[in-house]
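Structures are listed in the sections that come next.
There are two complexes below, and they share chain A, which is joined by chain B in the first and by chain C in the second.
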Partner chain A sequence: MAVSVDEAVPTGPVRDHTPPARRFGGRGRSVLEIALLTVLAVVMLFPVLWMIETSIKENRDVYAIPAKFFDFTVTLDHFKDVFIASGGRSALSVSFLNSVVVAGVSTVLATVLGVPAAWAYSRFAVKAKKDQLFFILSTRFMPPVVVVIPIFLMYRQVGLIDTKLGLILIYTAFNVPFTIWMMKGFVDEVPAEYEDAAMLDGYTRLQAFWRFTLPLLVPGIAATAVFALIFSWNEFVFAIFLTSSDDVRTAPPAIAGLIGGTTVDWGLVAAASVVFALPVLAFAYLVRKHLIAGVTLGAVRR
Partner chain B sequence: MGTVAVHGLCKSFGKVQALDGVTLDVPDGSFFVVLGPSGAGKTTTLRAIAGLEKLDAGSVHLDGRDATGDAPAARDLAMVFQSYALYPRHTAYENIASPLRARRCSSSEVAAAVEQMSSLLHIERLLQRRPAQLSGGEMQRVALARALVRRPRAFLMDEPLTNLDLKLRVEMRTELTRIHRSLGGTFVYVTNDQVEALSMADQVAVLKEGKVQQVGTPTEVYERPANQWVAGFVGSPPISLLACHAEGDRLVGAEGWTLPRPRWTTAEDGRPLLLGLRAEDLSVEQRGDASLSGELYGLEPLGDRTVVDVRVGTEILKVKARPTVTGTPGERLHVTVDLDRAHLFDAGTGLALSEAGR
Partner chain C sequence: MSNPVPLTTDHPGQVASATPPAPGRSRRLSDRGLAVAFISPALLLLLAMSVFPLLWALYLSFTDYSATRGGPAHFVWFENYTAILTSAQVHLRALTTLIYVVGAVALQTVLGFAIAYLISRRTHGRGLLTTLFLVPMMLSQVVVGLFWKFMLDAQFGVINSMLGSLGLGQVEWLTRQRTALISLIVVDTWQWTPFIMLIALAGLTAVPKYLYEAASIDRASEWFRFRTITLPLVWPLLLIAVLFRAIEAFRLFDLVYILTSGGPGVSTETLSFHVYKVAFLGFNTGTASAYGILMVLVVIVLTQLYLRYLNKLKED
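Up next, the complex of A and B:
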């Protein structure tokens, strides 16, 4: 997809031995680039490295001054503490389980609702289609924190406060617009003629979609679902406002809750954070291509 | 097997009027070609028959029954798409079998039908491949097999040969005619290629800007074009049109030439006319008294014949000549006109003058 500079410069029959002046500029620039990127990478990755180190240090090494970078004793006790408390499962492990349920169910719901909607917006002449799509997109314009108070009040009225269902619903509501927009791009790429042909073969419109278009959308659905999953997994604001008890809370507010007592078990916080970050890293790695495609989606087409 | 009739089809896409009152009557078992330039509404007509397009007005009758609101699946039609629209994840075999699978045929029936079709179209060895592994011509055959595997009311074909190279196109033209003869059935075939229309059709409907210009046999459309536009669209090289008017027993050209007035025309003196002359009805050899003088403008040798461009005044006549003809541009020459085969059109409306006396 991306064309490197070398490919973009035509390597036609004109070959001369002195490389064009641009090349020197290019090389000089790339040295500078590498230097700047290295600085940036160190700055960005240092907290991550520190988190990982802290999660495997013994408590006295965590507080050591000067800080120990290399010569500390490695321990996995913090990770054990994340999952096991005295006498059974820890509150943290319950929160991780809650996160899995909430993120998983809301992603499935958003996909089930959003994919057919995207198909409809792509295939049918809908009245004021552009306005509708813009409205759907506009629900993502405002930061969640703007609506958290009204939603809190509404949830209190209908008894959804401090329930997993409440979180699932709100995450679904946030993920459906995203799913529609992302999936519409993928559906647009599949020629409508496959469905036309299927309908003439004798299938109904829905059968045509289900049997012939949907299988072609699977990679797009997977990518979209991963984005929705990551959003729900990471979400903090709604989770902290709308839930309070340990058996409902998801991981982000639970981890945040570890900080703030008289003593903070930094080893445990770091270990919990590592466990929390792993699924996101894994999924982001799976969809790294679509991550870029998603950013440029619509920028080059039509 | 099936008749297809459409009446007063209207369809607009935004500001573009794609169909403007299209009425067609396709007799049972005929090879019916809808001919027109791109943007004439040919594909939209076909999609309307198939039920893929929601109409603004008009009706579709299949076998005499109103099917205007029916779903595509209920219409019992088969279609070959210009892009072939083969299912990319299915093998050629599964593509061809799809219409039968939709109708829940047993797998032995499916196997027999697919085998029969693939031998008819010589694609037996391609059956396990996917569309991506097929060439354009092979995809075209698979798409054709998918349509022909069933015996529907009618077969709809949307420019099925357009994406093939010239040699294959000529080959498939003969083959499609052969298939129509051996299988029977009603074919509605859309094309912008007048050679396909003239060589394959029982009936041709010429479409322009969503309106039917003329319906008739290929001979009728070629020999008696209903208007100036049809005359210009059908035929290669294109017909030459000269502005003129009748004056007593002569036709007087705007460029000063005169010709004997054809016996059959009834146009009153002075009415502005267009004289339509096909290349094969003109000759650079001296024969008879009806002739125009002009100068040689250019030669287009085409192997079996040479088209001679002759300039008469400011207008160019295309004249069919022997391949051996030679000449230098600027040379004076006489063009003999076969007035019995000439066409006259009203210069204002473009409509052909009555040829009742012909």
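Up next, the complex of A and C:
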């Protein structure tokens, strides 16, 4: 009782003042919030900016102490080094091409295998559907370091070690669960009645899928494929354990290999990283609408 | 082909009772055939590339097989498992992993949620802000690891340079026992805070406006509104993000490999990294397989938890 009286008494006079006070407090708070957001944004973006800056700095400025933020000499030599080595293509540029091939082919395969499966899971009463879907997703959660041990032995038996095909197969297997989960969401959004109507018109179920549902799924397939492409493109663990030669190796282990020696050419590392990361950022921007579903492997959708 | 059609039109009354089940049954049959044809290739690939290797690892885990020594594997039953579970080395790695997972995920959650909350209160420039904040998450762990290694370099790294110009002492980020693990947590937090932010933002923008309006009519305090409206509504989604990150952090290998290679000493050796050392540097394939299987068990438990919450969220 006493407490409520104490609270009640001051509210009377204060109430008159609250609207202006609150408005002022609101503005002050808003300024504070914007300032805080700006600081956080700078902290989050600084490493990326620093990487871009390092990639266009002359070597002298890269190692300058104290670090040079603005007054450095701009050069594109590092980018040239990424693609051209003395007398031809550099090992790095070959690795970029390998990455394009491996990521591209594995994405196509995962899409071809995953989209029909997603459609079937969405449309048909499959036995223990939920368990199957959970099983599929959990294969994606296996620690790569653990999976790579038996895969390594398996590949050694069948001669897939240090081949692009080996990498393509394992990346496909890693992207199929994602594709199925992600695509199932998209298929669920297309009413099954479209197919029923088409079948009443005399199309078979397969034709109905092919001619009516699939065209509607194209944007979803594109978004899903882009994510699969990003996952394969960024993948490192399988790449480093299953490949060794320069003409098979993909970009992530090749870039990581740049820091192996006694001296590290950080300008080159930065330039290679920029070249490697730019397509990912561009692609990620294209699929920004589906980012939540993408990064949670299709499990969470808005 | 042409036969059944005139049949149905000629004698509608006669056939109507007999035919409907027949096409129905045949269609259901072909549906099942289609389902099998569409699903089995994907499942077969998963069986070959995920399940079979794990079963093989399970078999190897009961043997003393070594990938380099070759020769036949001898059954040692649970020797590998008891060796791992009683090894002080493994306990140490488990502790390191635990500190890393809890530290990184907790930091990411707090920071990510805070950023999401701040962004959700803005009316202008939300899209741009979100896009900018998401950049780190899309980068490869290799790029992130390499770049932070450069920035954290004790000699010419930009972080120490900035500390120096502020008049603070230099820190050997990656070469001191304690700071190395902290650096790892910081880098992981930098990369994955956007992940939590993204999902928290989705939760926050889904909170219906009228709830806040009702609360402000009741003159509820900001904190009260946050505690009773915002948090309960965002929490289920946030929990899923946290669990997802925990699984990913538990599996982490790339960042350790590039940033510290487990060093100095073994201070940043996580379980994943230790498995790699046992398997590919020690070539104790049998032991490494048992180690891996134990890790898989942990992941399966975490995944089950994750999927259960996911299911709950979907049902609501």
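Following the convention adopted for this analysis, the second predicted complex is superposed on the first by the 256 of 302 C-alpha atoms of A that agree within 3 Å, B and C clash if a C-alpha of one lies under 4 Å from a C-alpha of the other, contacts with A are read in each partner's own complex, and residues count from 1 in each chain.
By definition in this document, contacts are C-beta pairs under 8 Å (C-beta built on N, C-alpha and C of every residue); 3 or more make two chains touch, one makes a residue touch a chain.
Note that the structure is predicted; figures quoted are calculated from it, not measured.
Chemist: By the touch definition at the top of the document, which applies to A:Leu169: first (chain B), second (chain C), both, or neither?
Modeler: second
Chemist: Using the superposition described at the top, determine whether chain B or chain C touches more residues of chain A.
Modeler: In the superposed model, C touches more residues of chain A.
Chemist: Please work out whether A:Val287 is in contact with chain B alone, chain C alone, both, or neither, and reply first, second, both or neither.
Modeler: In the superposition, A:Val287 contacts neither chain B nor chain C.
Chemist: On the A-aligned overlay, A:Ala223 touches which partner chain: chain B = first, chain C = second, or both, or neither?
Modeler: neither
Chemist: Of the partners chain B and chain C, which touch A:Ile56 in the superposed model: first, second, both, neither?
Modeler: So A:Ile56 meets neither chain B nor chain C here.
Chemist: Could you say whether A:Leu242 touches chain B, chain C, both of them, or neither, answering first, second, both or neither?
Modeler: neither
Chemist: Answer with first, second, both or neither: which of chain B and chain C does A:Arg205 touch in the superposed model?
Modeler: both
Chemist: Looking at A:Ala271, would you say it contacts chain B, chain C, both, or neither? Reply first, second, both or neither.
Modeler: neither
Chemist: Residues of chain A that sit at the chain B interface in one complex and at the chain C interface in the other, please.
Modeler: 199, 204-205
Chemist: Which residues of chain A touch chain B once you look at their complex with the stated criterion?
Modeler: 125, 191, 193-194, 196-205, 207, 212, 215-216
Chemist: Quick check: in the complex, which residue numbers of chain A touch chain C?
Modeler: On the chain A side, the touching residues are 33-34, 36-37, 40-41, 44-45, 47-48, 50-51, 54, 62-67, 113-114, 116-117, 119-121, 123-124, 126, 132, 134, 136-139, 141-147, 149-154, 156, 169-170, 172-173, 176-177, 180, 199, 204-206, 230, 233-234, 236-237, 240-241, 252-253, 255-256, 258-259, 264, 266, 269-270, 273, 276-277, 280-281, 284-285, 288, 291-292, 295-296, 299-300, 302.
Chemist: Over in the complex, which chain B residues touch chain A? Could you list them?
Modeler: Interface residues on chain B, with respect to chain A: 47, 50-52, 54, 71-73, 77-79, 81, 83, 85-89, 98-99, 101-103, 146, 156.
Chemist: Where on chain C does chain A make contact in their complex?
Modeler: Those residues of chain C that touch chain A are 27, 30-32, 34-35, 38-39, 41-43, 45-46, 48-54, 56-57, 60, 67, 111, 115, 118-119, 121-122, 129, 131-143, 145-151, 155-156, 158, 161-162, 164-165, 190, 193-195, 198-199, 202, 206, 237, 240-241, 244, 247, 250-251, 253-254, 257-258, 272-273, 275-276, 279-280, 285, 288-289, 292-293, 295-296, 299-300, 302-303, 307, 310, 313.
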